[in-house]
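Per-chain residue numbering starts at 1, and chain names A, B, C and D are given in the order in which the chains are listed.
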């Protein structure tokens, strides 16, 4: 617990899991959850570096902003998802392939 | 106020353009008189500047110097010396008169005058900037309004002409930009300040660029950039087309001011900053000047379109400037700058006169007139005066500047000067021939009711005529204005070596 | 003791995140996500970041998670208590994500951080954050507030039925 | 004296300004008399100056006024006026002729469409001519040189409705400019080597050896005296143009399209003599070679133009060629070193040729009125074949014609005899005594007396031919003859005055010996010393000695040849003993050549001007239709084409590669059933794959 690497490994794992979620899930809400995981991983890194390397509070501030960003992002994303649902009756991302055309 | 004269004189037209943009488009007279008032005010300011200006020293005066983009050492640096002072006056004067020439623009007057004022600001800015970056910005600022002014309000082939003008000059600008950046990166510390660059001049002669002498490479880059504006053979072909298609006032500005920016660039940037290269390139420059003189005059002789003829005469006349400045002698240099000013006034007159007849007859075919001096005697008289001024008759300012160019160039480029004197005969040839075909002989019955030149048109012409005549009889005021700066310039450049003569 | 708690939290985070990633039931995933969030808050406490920890709980658990639950509820038929979920391209995903993980770890772990990695204990982060927030990060702070407002309005607009 | 000179210089300019700006309003209110008055007041001032000069009686008298005009710090041009005896005499010549022509024009030009403007142009001409006369430097002469060219252009083209007049004006201006190029180049050489344009300073500096020291800086170290020869000949080219010397003489006969008083003033008496005046001014620094060239050009022109004058039928054309010929005389005189004779002939010629032109104008005026009366617009009033027997109708004009013809033919008692004789003596002395210059080196010096005496004989012949055809014999057109009247007083008074000036006594007082030119003129005008010291100087001392010896034989010979010429004219045209037509037929090609001016105009038009214009047209077309169209625009087109090519390549290769990879992945997706394109997650995973691969590539 007093070693930076333990935090970094945790963060890396969290990030990978989040990434996996984003890449593989079909459900949009699940993907959103993956994004949250990724953001959390980043946050852990910021705070950890703040404690172990830079020795100031800048990392903390960035975390605060990320959290705020996450909140905003979640709100907007959910709104979009709701629209998608209203439009199609489901929220399966792999079927939202209008980009293909 | 006096400390900021130059910025005021430069940015006043931009302010005017904004004001005009706010005027409702139906208020035609407001727009026109607004433009006239703005340019008139600018002219008054320009005269004030000359009054404040101390012409006994070659120092840069009325300096405005601020940091602008400090990270890149870009400065807002304005100032004038004896080289730019005549150009400032010329720009203000021609802009003012050109407003009256464009009185009868038929469509979208609001846009026209707003763009015109923007153009005015760009030109003025070029002549007062002492920071290369600022110079370049104004150089480009001027390009865009010009494109629209030709492209929208021009003649039948206007789009082609505008695009050609734009691409041609843009091509030049790119090379100019390259040269500018090369100068910036070679200088230590990196700077765009022209005065500091000139002080570091020896560095450019020593460095290498693309495996060649940096000074020479940069000189060539800048040369092409400026040569297109002058225009120097073989970069001249945009000119006849742009002049012919542009509306009269724009032709006036093109010939009167824009062409001068090329030669001004040589004298302001290339010569003092790249001395060795300037001396190395003096002989080719003189040869190009000779080609311009003869080629332009011969091409003018062949034209049937009056405006094209005048356009080619510009090519010929700018050749004298090149010849005079290449020689790097006091007489040649003063003659060159004086010729820049004189060509500004004379060619402006010529284009205005062409515009007058075009407005009435709706064509410019030299062969298509004949004997019209009978119905429009005043117009014929004024045209005769302008033509004689154009062919360098003593008593008009063009004579003095051409003579000075020759006198200055002769000791250095003896043979070139001797061949260049042929230009005198050719100039007389095409002007007189055109005059004869238009005004003399039996009256063409189509033009029995041709309308005489009106007071508004005369109002634009007479100041130019008076200046041309006055400076032809008594050139001292103008020469005093520039001689100390130019003599200094000659000394500075000459300090780097001898010009190879021919 | 502290070490033990730390590693417990560590494991909790990894496990709950894995459930989020691999779980078949969406509802389970959401609750697992709550575990992760809380775990991360714990980690923050170990990092002397008490303010962040509190924020984490308030915003994530109190805000985002609720939103997510609402999202799920609104987009699924209420009758189906078992809200299953499926995944695509699992194999490739695993491969790639493992690759990424390997890259991150190989890049980060052997790295020699400038200034070393001696931990420093902060006394009172709230005060420091507050000061920074209203001095160096003031503009960012204001922008953030605008962003939030924008998100608020945007979300409200998007979520309206008749778009 | 300076003040007087300034008044003389600028008053005509005032006349010009008044007539141009206000003349039209006063055309019916005798506005022209303002100009006439101004002109006569300058005449009075000139006469005052002449009296002052004579009362001083100093041949070396001179004053100079400098005014800095253009000062660049390191380079200066001064303007100023320089007055010596020659200037004063020349001013008087200009003032007399100009004043009389003004007076004459009030009658001759009455009712003209551009009456006031005509007087304005006369004013600017007189101004610029006085400027040439008063100039103290080459540069100032050049300025006014161009201005007389301008006024000549304006006045020749006075009746520009006629194409021929418009053409003639243009031709005059451009031909003169060709000469001016040479003059300007010569000036440049002199100014470069000596740093001044001032006549006095040039002579001084050449004398002090500055030329020898500095000449090497031009043309890669040319020998100083060669350069001086070149400079002299080049400056003289200006005179070739203005004084209508071969080969630039072609403009002068055409210039007769202008009103006749203008021909008298500009193209006979004053402006064309400006070339001679210029040669007078540069005389001190001409080398022997340059003088030989000048003498040869002058001599050749004299005989060449005379041969053309024989066959012309237009009364003004005859006089025009006669003028060319006489100018050749003056030039030849200066070239042979007969400085005084050359200038003397300038003055006497101005008087009698002015009178001849005005008299011919009087005839034309009468013819014109008669034709007008008959409502005949076809017949040419200037053609001598339409005249004949006019002496009874126009006695005053006839008398003037007789006096002046006698003068130009070189008959004793008239001024022309004195000056012409002096010139011929000069050529004789040159041929006999001078050994410098290329003419002497090639043993061709005797060609000059041959030219001179030959021209003298021919002159006498064609002048009397003119008299006989115009005034003697039966009227060829009785109808026209019936309405011929003597001209009004305003025209005859100038005629009589000028005819009086053609008497020898005017120039020889206080001496009254009709066969010696000794008198006030030769005392006041004396040959200047040559400033040339570089070993190529003209041997003036030797020449003067020879001149004394040649005087008597030359006089006898000149009277003889003149007598022969007159005799032939009497035989052919008065008595009809020899038929002119037969003579013409016998001479065949010679006659045709002479009649067609030896085809010089045709040569210029077909040999030079047309090909040149064709070249210009070709160049103009080349510039726009070839150079611009193919090269510049072609460049643009190529860029466009190559960008199209790039576009195509983009389609084929780059896009193809992309598609190919797409195909691969489609295949991959199809086989592995993992990937289907068009979904955001697929793209994301592609990105990740790419990142991983990049990393792998970079690390290993």
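By definition in this document, a residue touches a chain if its C-beta (ideal position, glycine included) is under 8 Å from a C-beta of that chain, and two chains touch if they have at least 3 such contacts.
Keep in mind that what you see is a predicted model, and the values were worked out from it rather than measured.
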With centres defined by CA atoms only, which chain is the most remote from chain D? C
Cα centroid separation, chain A vs chain D, in Å, comes to 96
Intercentroid distance (Cα basis), chain D paired with chain C, Å: 101
From the mean C-alpha coordinate of chain B to that of chain D, what's the distance rounded to whole Å? 35
Taking the mean of the C-alpha atoms as each chain's centre, how many Å separate chain A from chain B? 63
Mark out which residues of chain A touch at least two other chains, giving numbers and ranges. 19, 23-24, 94
Quick check on chain B: which residues sit in contact with 2+ other chains? none
Would you mind listing the residues of chain D that make contact with two or more other chains? 681, 685, 688
Quick one: which chain pairs are touching? A-C, A-D, B-D, C-D
The residues of chain D that touch chain C in their complex are 672, 674-675, 681-682, 685, 688-689, 691-692, 695, 699
Okay, in this complex, where on chain D does chain A touch? 676-681, 684-685, 688
In the complex, the residues of chain A that touch chain C are 1-10, 12-21, 23-30, 32-34, 36-37, 40, 43-44, 47-48, 50-55, 57-58, 60-61, 63-65, 67-76, 78-83, 85-86, 90-91, 94
Taking the complex as given, what residues does chain A use to touch chain D? 19, 22-24, 93-94, 96-97, 99-101
Under the touch definition given earlier, write down the residues of chain B that touch chain D in their complex. 164, 167-168, 234, 237, 240-241, 295, 298-299, 301-303, 329-331, 334, 371, 373-374, 388, 393-395, 399-400, 403-404, 406-408, 410-411, 414, 417-418, 421-422, 424-425, 428-429, 432-433, 436, 439-443, 474-476, 479-480, 483-484, 486-487
